[in-house]
Amino acid sequence: MSSPGRVKVGIIGSQFQADIHAESFRLMPDEAEVVAVASPTPGNAETFARKHRIPRWFTDYRRMLEEPDIEMVTIAAPNALHARMTIDAAHAGKHVVCEKPLCMTMEEADLMIDTCRSKGVLLMYAEELFFTPKYVKAKQMADDGAFGRVYMVKQCEKHFGPHAPWFWDINRSGGGVLMDMGCHGIAFCYWFLGRPNLQAVTCHLGTYVHGDKTRGDDDAICILDFANGARGVVENSWARRGGMLDRAEIHGEGGHTVADLHMGNALPTYSEYGYGYAVEKAPTTKGWSWPVFEELWNYGFPQEMHHFARCVRGKESPQATGEDGRVVQEALFAAYASAGRAARVNFPFDARGVSKPIDLWLGHPSPA
Amino acid sequence: MSSPGRVKVGIIGSQFQADIHAESFRLMPDEAEVVAVASPTPGNAETFARKHRIPRWFTDYRRMLEEPDIEMVTIAAPNALHARMTIDAAHAGKHVVCEKPLCMTMEEADLMIDTCRSKGVLLMYAEELFFTPKYVKAKQMADDGAFGRVYMVKQCEKHFGPHAPWFWDINRSGGGVLMDMGCHGIAFCYWFLGRPNLQAVTCHLGTYVHGDKTRGDDDAICILDFANGARGVVENSWARRGGMLDRAEIHGEGGHTVADLHMGNALPTYSEYGYGYAVEKAPTTKGWSWPVFEELWNYGFPQEMHHFARCVRGKESPQATGEDGRVVQEALFAAYASAGRAARVNFPFDARGVSKPIDLWLGHPSPA
Amino acid sequence: MSSPGRVKVGIIGSQFQADIHAESFRLMPDEAEVVAVASPTPGNAETFARKHRIPRWFTDYRRMLEEPDIEMVTIAAPNALHARMTIDAAHAGKHVVCEKPLCMTMEEADLMIDTCRSKGVLLMYAEELFFTPKYVKAKQMADDGAFGRVYMVKQCEKHFGPHAPWFWDINRSGGGVLMDMGCHGIAFCYWFLGRPNLQAVTCHLGTYVHGDKTRGDDDAICILDFANGARGVVENSWARRGGMLDRAEIHGEGGHTVADLHMGNALPTYSEYGYGYAVEKAPTTKGWSWPVFEELWNYGFPQEMHHFARCVRGKESPQATGEDGRVVQEALFAAYASAGRAARVNFPFDARGVSKPIDLWLGHPSPA
Amino acid sequence: MSSPGRVKVGIIGSQFQADIHAESFRLMPDEAEVVAVASPTPGNAETFARKHRIPRWFTDYRRMLEEPDIEMVTIAAPNALHARMTIDAAHAGKHVVCEKPLCMTMEEADLMIDTCRSKGVLLMYAEELFFTPKYVKAKQMADDGAFGRVYMVKQCEKHFGPHAPWFWDINRSGGGVLMDMGCHGIAFCYWFLGRPNLQAVTCHLGTYVHGDKTRGDDDAICILDFANGARGVVENSWARRGGMLDRAEIHGEGGHTVADLHMGNALPTYSEYGYGYAVEKAPTTKGWSWPVFEELWNYGFPQEMHHFARCVRGKESPQATGEDGRVVQEALFAAYASAGRAARVNFPFDARGVSKPIDLWLGHPSPA
């Protein structure tokens, strides 16, 4: 089944996001194949490997990194582990695809980028929104001039809470919903506008609904000022019932568009009896529901992994890099600082010595 | 045609909003009738009177206030004139319906409220959103417990610029789009949540598109913290092409709803040839368009005027008062101050001695 | 409370539709007032009268017809009683508002029209779709030329079954869903197109879901050919879950529009806890739902009754007459005949001697 | 670039649909590659080949059939040529993918099927709706029991006229919009319901808008009765302005869903300036428009061709066959006969000796 031309991939992780990686490679099989998986909990790697028909499995990812044929690893582990794993992989000469957010501290971000560069491996940042077909279409329209000068870009992601309990623990996550999903929105605005410098951020956070479970923020509004005069607005929530919202708005002096990934693509459905699956985070399939089709493809995951494999082969150059992840990371620190200070924060923002973004908000006396 | 039981009304103004007043009384004729109109530009009052079949017209509103049978006047004049007219009407013993925003300064607001109270007339604040049927339904649902504890209310109004040129002149308007339309959104959040005290406001303003025409803000995001722990978000723009947007979102820990007044009620239409009228501020009726039906009724204007007339008769008590307008006015000052300081501003906010809200933003060094 | 200028109304009936009549007069009180109600079941009339604050009640409607001050009666009784009640009212010198469908047989229709004419009273046909604001807007657009020549008009009404059990009994209803709701769609197409002659009808009926409860049709498609070359399409169902559908489409060579009365006006809502009321026939308010606002007004019921009262006063001339009801009735007979014959049926269609429309379908060997 | 394992494909045709074939193979390149194209007009094949980077081109498709390495041909030529080309390809030992509708006469259909079978090649019918992701999702939900027993399936396709002038000529097309697009809807209903036998068809046709250009029908409603008691409804039009409509509805006793391929996936957009491309048949990109993304993928074309290539390799068995095309062809004859007779037509329907479907409608005296 192995084809010599395809990039051999090892996945680190065996949960929600690792499944997405494995399934994505399966959906676009012409450029890469998953040959190994590593996960520390006994049994998890093997179970995952059998489910996805992956020939090799490991409990220690460092053991997997010794496999000589593996050319690229994807990291689908908790945020606090991203830096260590990336650096180990770089030392082993493997190209790295790292999930979002890039890491915990600015020092980690710099070290990840420097190590990969010095070891001659690619550090690719798994921001799938750069590959989401509906969002890509919006960007093509904007680049075609549909909206004239774009002065505001909005992106929001909302649902009723993360898919793994470690997100509630700010020591493992580094922050709440802004950290978990705001990183998508910040990256989106930055990418959509053509990567202009960030000038300032104004952020408003609250723990409105899940205060019994977390000290982290569960609803966030983050306003970004860019050097080109445009504004980004990022809205996130862990307090939205009824399924997932993932939506972007583009506003220009000459027009606007809305790209809604879920209800905007869905089949409006009423069912007395229910059915298999509607969409991520949907509470039920009885009554009215909003099933989507080909969810991974509509997010752009297979296209993203396909692109990364082609980058390894030198057929394309990376469209989502460690440097992108670093910009997002700096913005996350600045945003939590803005919420903590109850004031706008300007860039560049020096977050050296801070161990996680949310520390700049918690313990500050601002309301909400 | 006159019926003795109906409240006799005089309108001050002859433009856009005065038309809405006259038409609103015509649509619900059982409680009130318009018997006079006053407008200073020669000919305007008469033209208006003939169009709406109003028997009396005046160029000087003070002359109209001398008519003994008039019981209530509605003020549809530029913002800077609201206080003077209200006070004159109160002295003449007439009940007052004043358009939004209430006035220019906090001193004016206080004087309007005090004068009406001491003269024994009602000061009613023409915030039609308190009567908008779709918004009223959302509030009923919230009050029924549909969404559990409501933690966030959003309201936005957007179009491509005001209906009269004086809005571009900040000396006559007192501010830009936040002043023009943000007053609706602030009032909406306050009313929807049951009039909790305002604690703080965080506001981000910019002049993104119309800098050639105005020094005022043309796109605004205003975040309100209320004493009950809920957040209001008000978004306004004069930079939206393609017609009007007027929309509210309600978010609770137990659910959410969206009330979109225009596209959300419209008839999705494609026309090669065009037709009479789609909706306020729509650029064309050719191609795809979003015509609404019974626009005034769906805004709640006739219901609002009907209610005010019943208040004059003592059949109901005012649901939108000068005090409401004063709260909104204070929030407008605080919001411009927040944008000017690039920081959250806490309540109560002392704006005495400031001649118009936008002065607290203009001339400050913050970006955008 | 009584005002001499208002038309005094008596309602015959005390169930679903009678409530709508009473509530409609209450919502637009300036032209008419309900002074009496009649319903044969002991206690019903009194309960209804107390609920709606109606001063007089009767168990025998003929007794109510003797009240000299009553000028207009509205008939909200089962179809089989319409003719008798109309004729009695005409003999008593009362104007008549008769609910849809007009009656059971063509002989009845002719007798109702002739009797009212000879007695000098108005026979008004309570087709509220002629007054539905969203549908009226669509017609205005068409009349403005928005769609060029209109070649097809569609209207559909669907829900999961009638609001009273007598509809399942074809001897009392005269037919199934086509009789119950198709009469609205037929009237709509006829009215929208400017009352051109009907040329032919092609109808396809089935009892797909409720065969255990009725011999009547529960899903119907009815295609009408008009003399002006346009086609009407009427779709009805008692087999639709999840709430009511009431929707019209207009198709011209120059464009098209869609008027959806419920989901098209609704507030898309998610609720964990539920709330008071969403819309007619909605199964629940938990989960996703589509609440409408001001349901009666959006159907046009108050406007319709207001219009009828003004007709009695001679201020307007009836826009929905017994003659309209007769056209619909003939079309219903022809439609059932078409389904029975499995063939198109041409107009004029002689249905004399047939005791109810559905007899022309039942007992015929055609499939489904 | 050539890979020995991939199926080598020759395309017959160089216009609209041939482009879709070539692009579809390019989008999913792992199973097949296009190595040749044939088109009779001088220059067309070469232009097409250069555009799509196809190495060989021919003006005579029979010459292309002599190429020994070609294993599969796709036919994207006018309907009247389908049978001849299929039979020639079968004699050359090539597997055949034939565009819709299958052919002109029932005799042709039988000969195509028999020849391919006897020559041991696959006859695959290019009905892409069997592969449309949104429609496939609807079918999965139905098969999961979401709607209980499905009693009605609707599918419609509408735009303002065909993409090539030969469709207006009934001698080349065999029929109007029912022939052009109704074949999709008939196939859809048959497939969705699990291929039950067709029992009867009731069809209503008209030439409402394009009578100056064609004798063919430009608006069609076709009602199908299936042996399992369900009803199919197929609506098609060449008279719809404002872009393409492609939409399915599924109705069961336990629920329903709607799958709208264009507006239902689109980005609601307003643009003063326009942009590259919105969707097939859209008149403009200025003003409001409904751009779709990844149009071919959302139709299922690449997935369809990928599947057909895998069938050639024996990895899958054909999901859309000549037999399916034959069922559709019989239904088209019966539908035109129903419109001609103004009556329901039962199956099986003997259409031998009739040279094209529309002959059974034209020349008949029925109205419209």
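Chains here go by letter, A, B, C and D, matching the order in which they are written, and residues are numbered from 1 within each.
The working rule: a contact is a pair of C-beta atoms (placed from the backbone, for glycine too) under 8 Å apart; a residue touches a chain by one contact, two chains touch by 3 or more.
What you see is a predicted model; the values in this text were computed from it and never measured.
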Give the fewest steps needed to get from subunit C to subunit D, where each step moves from one chain to a chain it touches.
1
Would you kindly say which chain has the C-alpha centre located farthest from the C-alpha centre of subunit A?
C
Which of the two pairs, A-C or A-D, is linked by more C-beta contacts?
A-D
For subunit A versus subunit D, what separation do you get between their C-alpha means, in angstrom?
39
Inter-centroid spacing, subunit C versus subunit A (mean Cα positions, whole Å)
55
Two or more other chains in contact with one residue: find those residues in subunit A.
241-242, 254-256, 270, 272
Can you name the residues of subunit C that touch subunit D in the complex?
151-152, 199-200, 202, 204, 206, 208-209, 219, 221, 223, 225, 229, 231, 233, 237, 239-242, 251, 253-256, 341-344, 346, 366-368
Quick one: in the complex, what on subunit C touches subunit B?
29-30, 133-134, 136-138, 140-141, 144-148, 254-259, 264-276, 285, 291-294, 297
Contacting residues of subunit D [partner subunit B, same complex]:
241-243, 270, 272, 283-284, 286-290
